[in-house]
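The same chain A turns up in both complexes below, where it pairs with chain B and then with chain C.
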Partner chain A sequence: MTAGLLEVQDLVKHYPVTRGAIMRRTVAVSRAVDGVSFSVGEGETLGLVGESGCGKSTVARCIVRLIDPTSGRILFDGQDIASCGQNDLRNLRRKIQIVFQDPYGSLNPRMSVGELVMEPLLFHHTVKDRRDGSRRVGELLEMVGLSAEHARRYPHEFSGGQRQRIGIARALASQPQMLVLDEPVSALDVSIQAQILNLLQDLQSELRLSYLFIAHDLSLVRHVCHRVAVMYLGKIVEITGREQLFQAPQHPYTQALLSAVPVPDPRKERLRRRIALQGTVPSAVDPPAACRFHTRCFKAQPVCSEEAPPLAPVAGQEHLAACHFAEPLEVV
Partner chain B sequence: MAVEAASTFAPDADRLGSPTVLLPKKSLLRQLIRDRTALVGLIILVVMFGLALAAPLVAPFDPNDADVVNRYAPPSAEHWLGTDNLGRDEFSRLLFGARISLFAALAVGIAILAIGIVVGMISGFAGGLVDGILMRIVDVLLAFPSLLLALTITGMLGPGLFHLLVGMAVVWWTDYARLMRGLVLTVKERPFIESAKALGLPRRLIARRHILPNIVSPVIVLGTLQTGRLLLALSALSFLGLGVQPPTAEWGAMLSEGRNYLASAPQLMLYPGLAITIAALGFNLLGDGLRDILDPTLR
Partner chain C sequence: MTVGVSLLEINDLKTVFPSDIGPLRAVDGASFSVAAGERVGIVGESGSGKSVTALSIMGLIRTPPASVSGKVVFKGVDLLKVGSKQRQRVRGGQIGMIFQNPLNCLNPVMTIGHQIVETILAHEEIPKAEARDRAISLLQRVGIPDPSRSVDEYPHKFSGGMRQRVMIAMALSCQPDLLIADEPTTALDVTIQAQIVDLLMSICEEENTAVVFITHDLAILAGFAERVLVMYSGRIVEEGPVDTIYYGATHPYTWGLMTSITRLDESRQDRLSTISGNPPSAVFQPSGCPFHPRCRYAEEICPREIPALVVHKEDDHPSACHFAGALVPPARLRQVQQ
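So, the complex of A and B:
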């Protein structure tokens, strides 16, 4: 693959853990994201999966600079989002937008739908004036499967799925090249999830958008993503194309995750071996030394707690995994 | 690719202009009329303020004309509400008193609203040291009995209506500041604020377009309740001789004057008391109606 539209290089976000109200001092750091690198090509969807608290939302927020990363580079079209000034940042924000998880909270209840979609249009000079804007608002609403008449209504009059469509229309208003989708469907009913996913796919092919799709549901990821990165405790443990990941996962954590995905065929399901991980996710404040997964890994050897495995090619240049004992295992 | 000419412009905050979201697009007046509660409040206030403004035209007598022979007169065709202890026409005094009471309460109300909103917004937004200092000032002011503090300040400045208003404003803005700060802190953490940030909106636009409209309704409700309270406080301070000086007519002053004749002529306290109550009721009803109108989820 060629150089991506978005290149994240060694992204780190540490949160200080402080004590005391007046004499505030830092007693530890929480390593929410600890050296994450990936790239997303033009028109491509990269899935970022992992369980709660593994840092995937932190990555999303760093990319749109809702929070400042501790270190690392986030190159978008060659420009560094992580370190650019306010003016460049505004320009970048036009090109890279985010859709949030919570369709109920992420729309200002006091603004009509039209006003919500109009805001980015006017702010980013995508339209000449309000009249031009109203026309464009109608187009955008129709583009996401609503109708132009909805512009006069207020968010509370819509269902969750419709609200998420409004959120998407708002994100698309500034004509971005890339959308960061932070669990865009996990708050929705399954039947609505499919509609939103199909909408996202249609929009992608129509507008040649790139997506960073954050999810914790692997079956969703399989449905929409071209490539998938698996995160565990602030690090990427495996990244590869969708089919390779599902057919020949290399990292034990990925294998354990996939083995938990139910298979619709009961006969196959009976023959499957489920990998049950022991214990819970360690704290990001004091992560295990070397390989972060060794405390729960069914393959762990002494070397795993002494030497951190690099994220290196394991089966071809495109399939990277961070494990000393990476080997494919059919689990789905 | 979807990037063209538009990129040559810098994102522009001013184009977003006034917070049209603050007020609904349909004429506010029309909605007020449709809401029965608000309508009653509105009518009360319009009538009262109208009568106050038109007092010199409407009042049958000069409010300070004493007719000593005709003291404590009962209501009659000539003196609609009778006369007071000096034989002054009670109705005329109520009308002229409204000019001072209503407008003074409104002026203080607006002043403390402005101070409170600004301080509260700054405190909630800035956080840290600024927040700490501002809120400690509020704590100090709240720790004093407010009437006593207003009294002290006015006393230091010297008696007079304007000084009284200053004294009251200095003391009573704290409630708004506290309320605003709390509301800003809550709204600041709601997801749509993050969404506005992701859009690239600068902080002052986020404050104006996204935070302020979401906190106006409690402030309006508090404001209407406060104005009623201010009306009473104003009267109390006038009674203590710090504000309006006799013989000027003012509801509070009339109320306290009437106290001396409570046994013989209770109507002298009843009329200004009723006037204050009805005015406060008008403010409350209007505030209630406004809250419903300003909240789109209740529409």
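So, the complex of A and C:
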């Protein structure tokens, strides 16, 4: 594998679990992210999927250093985001930006759209002065499918899809090389989702952007991503190219996840068999020993609770899965 | 499709809220029926009026300020004409409802057992101990592990999927004939979603409870519903048996919905087709067909006349488009339809 634009190596984020209000003490740690490694190439989209609580958003927030990772390295263009100082961080954040899920919560309602998009321009000194800035704001708004006149309006005057466009314009203001997209369309209606996905696709080919696309909807991920990593309880269980993952998933968790996604075709749905998982996702405070999935796995054997399977190549060098009994299965 | 006597008949339902900028027509003349034991899906985007339809049926819209008109006939009685006492007996008794966010619907300082017992005692005069026993067996029915202990737990102890099961248990507590589920799985993960859909399916089959499943997700309804209604701008624009809607839809909005989604069962599309523009506001509705500003097939008649939800050809299903049956569906849909 060639060195990517973004290299995440053995990323760990543990949260302390505390008791007591005055005599506060740490009683346990929640292993939200527990040794995650992947890379994203230039112009590539890597999907990060998993159910709620698997740690995918924590990974996203570590990468833009909205939270400090416990350990591990996050190399962006050779520089370590995880350990760099404030000045370097400011410079790095210019190149790597994040778009959030909630277009209602992530825009300050008291700022006009122009001010919202201007803020990162001034902060990163991408423009000479305010006049130059206004021109650039207009350009950015047009780039995301809005018009320059929208700059004078306020966020509440826009629909969810338009707000997400504003969020994207804001992220693009500093001319980043990479966007971290944390569930960028899951709050939107289907007809609007398609518009935003097409926009992201256009921007990628125009600006040669790299994306880390975080989502829980697998059919979306297949549409958008070149490669996909599946997370379960703070670990990556499978990572490979889009086609391999959807046609020949190797890890039982990936298979179960794919089999649970409904398809909009009544005849196919009637014939489909679901892989039902037992129980719910265990707590990250006290995750199951060895293979974390063994408590819910339909393939589990004694070895699964004794030895943790490494994330290793299963079918070619590019297809990695962490399972003792990895085997392709067609589920869709 | 289940043929039977209608359990619920909605006729020209209109729900209007006053607002500063004019009356907001959330539901604008919806008519449909639900047979006993039938599984009906209502699909639509946000603002299409699907949730307000459900709330109007349940009598959960405060009137005034809002106004609800038309007919909501449940088992032969028009619920819009009866008094609040009788309304209350129906609500939660004969019609149960579950919502999208189960945490908002459960009281955090009451045990789930207490909340289920409260519902039962509001509708039936039975000893408390008996109600509690029923609560435990309901929890068992919906798949809550260790029900005799869980009954005394507080809502925060449960995960999202388990809370939704508790809500279902509560909605089932008085053996309703109809269960309205408003986006019951939208907040849940896919694996949990599959479990909840299976549970609703088995309830429908075993107790012969009719289920109205409201969602924005066409994929879920494909495996669940027997009949599907498509809502847009407060109206039902197309309705028919599930196979007819998925393989033979005639309304351009339904086509737009079907082609703008990503789907796992087809080879990947390089580009998604989109429905241009945004859904209309319920205050400033376009004249004529509410979909015409976004419709690529719109002609001169469309802004002038509202198309009625009628059958256009023999053996066809109702579709509210002037040109239903005369238009050729987009290529991607034709593939699926074969």
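Observations, loosely collected:
The rule is simple: the second predicted complex is superposed on the first by the 322 of 332 C-alpha atoms of A that agree within 3 Å, B and C clash if a C-alpha of one lies under 4 Å from a C-alpha of the other, contacts with A are read in each partner's own complex, and residues count from 1 in each chain.
Here is the rule we use: a residue touches a chain if its C-beta (ideal position, glycine included) is under 8 Å from a C-beta of that chain, and two chains touch if they have at least 3 such contacts.
Here the structure is a predicted model, which means the values were calculated and not measured.
With both complexes brought onto chain A, simultaneous placement of chain B and chain C is permitted, the two fitting side by side without a clash. With both structures placed on the common chain, the touch criterion links A:D80 to neither chain B nor chain C. When both complexes are overlaid on chain A, the residue A:P264 reaches chain C alone and has no touch with chain B.
Of the two partner chains, chain B is the only one that A:R110 touches; chain C does not reach it.
Contacts of A:R272 after superposition: chain C is touched, whereas chain B is not reached. The superposed model places chain B and chain C at 80 degrees from each other around the C-alpha centre of chain A, with the value given to the nearest 10. In the superposed model, A:S159 makes contact with chain C only, not with chain B. Least inter-chain distance for chain B and chain C in the combined superposition, rounded to the nearest angstrom, is 12, based on C-alpha atoms. Shared contact residues of chain A with chain B and chain C: none. Across the interface of their complex, chain C is touched by residues 51-52, 159, 161-162, 189-195, 197-198, 201, 216-220, 222-223, 242, 246, 256-258, 260-270, 272, 274, 276-277, 279-281, 332 of chain A. The residues of chain C lying in touch with chain A in their complex are 45-46, 145, 159-162, 189-195, 197-198, 216-223, 242-243, 246-247, 256-258, 260-265, 268-269, 271-275, 278-279, 336. Interface residues of chain B facing chain A in the complex, by the touch rule stated above, are 1-3, 6-7, 9-13, 15-16, 20-21, 25, 190-192, 194-201, 209-210, 213-214, 296-297, 299. Chain contact summary for the complex, chain A toward chain B: residues 64, 66, 87, 89-91, 93-95, 97-98, 100, 102, 105-112, 115, 119-120, 122-126, 154, 156, 167, 170, 174-177, 207-208.
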